[in-house]
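Chain IDs A, B, C and D follow the sequence of writing; residue 1 opens each chain.
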Amino acid sequence: MNKKESALILITCPDRQGISAAVTAFLYKNRGNIIDIDQHVDRKASLYFMRVKWDLDGFKLEKDNIKSTFQKEIADRFKMHWELYFTNKKSKMAIFVSSYTHCLYEILACAKARFWNVDIPLIISNHKELKGVAETFGVEFKHIPKTKEDKKEKEKQELKLLKKCKIDFIVLARYMQIFSDDFIKNFPNSIINIHHSFLPAFPGANPYHSAFKKGVKIIGATSHYITKVLDEGPIIEQDIIRVSHRDNVEDLIRKGQDLEKIVLSRAIWYHMNRMIVVHGNRTIVFR
Amino acid sequence: MNKKESALILITCPDRQGISAAVTAFLYKNRGNIIDIDQHVDRKASLYFMRVKWDLDGFKLEKDNIKSTFQKEIADRFKMHWELYFTNKKSKMAIFVSSYTHCLYEILACAKARFWNVDIPLIISNHKELKGVAETFGVEFKHIPKTKEDKKEKEKQELKLLKKCKIDFIVLARYMQIFSDDFIKNFPNSIINIHHSFLPAFPGANPYHSAFKKGVKIIGATSHYITKVLDEGPIIEQDIIRVSHRDNVEDLIRKGQDLEKIVLSRAIWYHMNRMIVVHGNRTIVFR
Amino acid sequence: MNKKESALILITCPDRQGISAAVTAFLYKNRGNIIDIDQHVDRKASLYFMRVKWDLDGFKLEKDNIKSTFQKEIADRFKMHWELYFTNKKSKMAIFVSSYTHCLYEILACAKARFWNVDIPLIISNHKELKGVAETFGVEFKHIPKTKEDKKEKEKQELKLLKKCKIDFIVLARYMQIFSDDFIKNFPNSIINIHHSFLPAFPGANPYHSAFKKGVKIIGATSHYITKVLDEGPIIEQDIIRVSHRDNVEDLIRKGQDLEKIVLSRAIWYHMNRMIVVHGNRTIVFR
Amino acid sequence: MNKKESALILITCPDRQGISAAVTAFLYKNRGNIIDIDQHVDRKASLYFMRVKWDLDGFKLEKDNIKSTFQKEIADRFKMHWELYFTNKKSKMAIFVSSYTHCLYEILACAKARFWNVDIPLIISNHKELKGVAETFGVEFKHIPKTKEDKKEKEKQELKLLKKCKIDFIVLARYMQIFSDDFIKNFPNSIINIHHSFLPAFPGANPYHSAFKKGVKIIGATSHYITKVLDEGPIIEQDIIRVSHRDNVEDLIRKGQDLEKIVLSRAIWYHMNRMIVVHGNRTIVFR
């Protein structure tokens, strides 16, 4: 993996001539060695999207000056909505989980392996069962059960914890609670959910039971950002597996859980590496 | 391929002990050499399904006597719903098509190749464009345009043609018309449709546009039997292909058409080889 | 899952008329309620394969008498090679691992979840790194490093441990050592390996590097039984994932590890549930 | 589809700072509206690859001057190997085929449908069988049988025909003849073959028989450019389908033929739309 520090910019702006030229000229002028560049134009919406990554080694601008300089010289001119990241800065991720283990183990095992560049300081659960798993991996576990009545208050408690741990993004590793809009507002396009169906098929509860009843020949899993509307947020990643009449609901669940964890894990990878731009209800995943 | 003649029985009946034993004993007693045997039990519905195929070479019963003998000795006892087929008898298939060529070419090319065991005496279309394709392959082409007003009458005309050609089953190779219940009743579980989405996602018109709008990362195609309710019949086969933000609606259509023809072609294969049992709104595909 | 106890028979024998009839009649006579029945005939080799599973609840034969009765009444007559299993008896599995964590976590997490019916009393490794993981899951960890010189002796030590723990089958969760023929003889068709390529492409060392060099558009993983010849044993399961020019070797490894663990996990599932019959260098997987 | 004329440049050159900036500045200066831009850097080989497409509508340079201007202002400076294409100019494709129909029908049907932007003036075959198919689609058919002895002479005859028809690239739609190096030299990276296996597994003759014998659980197809070494040319596209013990060699062939045609068809799409850069024995497919 890259040990040298890199910088990365994600851009969304109205499409017009000269954007690519301006950005690449800016980097060239400052001796930025481009590692990766991706762009996409949504012709219908007349929007331009770009992801560019360059070595900081030899770059003429100081890290602290990049933001203001780029804003002044480039971003203002093209009315860009943009963000700057440094790859050496690890993201901080919190996990919310109820009682299924498969996604939790997957995430914690991935985070321990050498590929992921993330810190996981906090696991929050509405159940107690998975405390042991958290401890095993040396992650703080907070048990915060919720009722309809105390939900708002509990969410405040959660937000306080998330703030304290400086959490950048949240992963719902099969968390069986719906968040309030107020909670979601604090993490725009930063709460990643895994839904155990091929959305938009089978939203809501018990998708495997519905899939079985419908007699589909393929089941799926969908990872998406949480928005106000349940199971309607921008889709990040999907995948599928074949099933047959031989598979009962239990088999669908078993096969599906393998999918869920893989699809969630890929979505986290894209998010963690700043490969995603959200535009309306769609994602551009630069991979 | 098998050139020797085989017989094949498809069975549905209430589940109880001894069905497999009775059927296999019947075949053994009559010197039937079993080529293939598949069974499935739906425990919830307490239903038993079986497909068994055997060489007629050396079989002690005359072809004409198999039906009545099996009915008397086995089927009555287990209250079977069952059907008998002989593999040397080619099925007769009619194609309904509007103006897309991809599924039509696929089917006609497959039927010409050595694998398919089917006759296609008739193509019916509500447009004139594909007459040339039909003629190329030596298949009779009937142009039967329909309006809301004359639909019932036109369907009568179609049924007459289908009867005249002794059609066993119908394939809708992207046929943009909805049949009346009266028409469908004449071909129960014998009208195969291809829908250009991963059902139950995106039923109805313009699924590729809806998929694009939704921002899915995978598109699909679904082949199913036509029933009264649009796009709700028993699913025979499904498959998918990955898409990305780079794909516009045109790309989805192009990629999807490859899927459509392959999925439809597989569904026809299963139907043609009597591999499908329908049970409620689900299929058992013995493959 | 089935909590009632079931019995299961796996049969290989020369093909002839009447085998299915005889086996099903035997079960029917003894009031065995068949849950699942699968058969396959290899026409070229003229071999018959069967897997049949039935409820012991209400079965007239005592568990201890099934073996001798079936042998006498059925197996002798058809010259069967066959084995009898009881689903309530958990298999005992040992894991061999070197230093990669992904397959180990996958297996241990699956074994903890509710689906798997297996005991894992022993992990053996030629490295020390994964001791902590083993302890976390409460599994005994034995560190047995090997050199060319002491391999034979170390294998004896391993065999002793395996015997002591009454191990039924071994899983090599990325174990970077080759076993001697003498070792393998002790576990015929019972050592499951995961190879990180789509065999027979890229056998041996560094398949991801070779795949990258070759410029393939898809990479794979293969789970197979270990035999004398390296990477040549009967294939149990394979799967693939797309790659592109954007993926460097590190990316292939990362994507491939997701595959490896899933493919290995499926192979274990088939083995654990006695769904596999090996015939020459091929497997029949009844699923 | 784009009806406006576009221009497209494919670039390979040594990697250094400023290439993207220079190319995009060149287009911007000349009022070129970029439709699509892709780049890739092979860090190991220190090579830079780019594909850029822009509207000619409003572009300040005359079509006839683009080549020399870009060469002088940009290409010389960066030592580029590059090519310029205009999307309104249809490629001319020749098909070589022996006697299988599946790939031929696929290609001809695709070429008739609205998506493909290609002319097919010529089909060459070493057999006579498919003459009728060619005529059906209005394509000239040349029967050129070959023996070991007259191969060189026949290839000269073929080259003459290809030249006369101004053929840009050749598709081998299951053509069972090996070309001489002399022939291949005339169409560098412009002869597209389909091999009926997942290369590098099962090169050479009878891959389906080998796959069956090996007992693989997945079969594949590979489309690649023809080079001197048989089945070793740069891979353009691959795909796979699952098989099981139930599938005999005939089934593998049937399932495989569906794959072959789809994979070949995708490879043609990439080539036709100038999405491919070849680098050593690998392809960069900008899609």
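Keep in mind that, in the parts below, a residue touches a chain if its C-beta (ideal position, glycine included) is under 8 Å from a C-beta of that chain, and two chains touch if they have at least 3 such contacts.
Keep in mind that what you see is a predicted model, and the values were worked out from it rather than measured.
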Winner on C-beta contact pairs when B-D is weighed against A-D: A-D
Farthest chain relative to chain D (centres taken as mean CA coordinates): C
Approximate Å spacing (C-alpha centroids) for the pair chain A, chain B: 42
Whole-Å gap between the CA centroids of chain A and chain D: 37
Multi-partner residues of chain D (at least 2 other chains): 246
In the complex with chain C, residue positions of chain D that touch it: 40, 43, 198-202, 214-218, 220, 234-240, 244-246, 248, 281-285
Chain A contact footprint on chain C (complex, rising order): 1, 101-102, 105-106, 109, 112-113, 115, 136, 246, 250, 254, 257-258, 262, 265, 287
Interface residues, chain A side, partner chain D - complex: 17-18, 20-21, 24-25, 27-28, 31-39, 41, 242
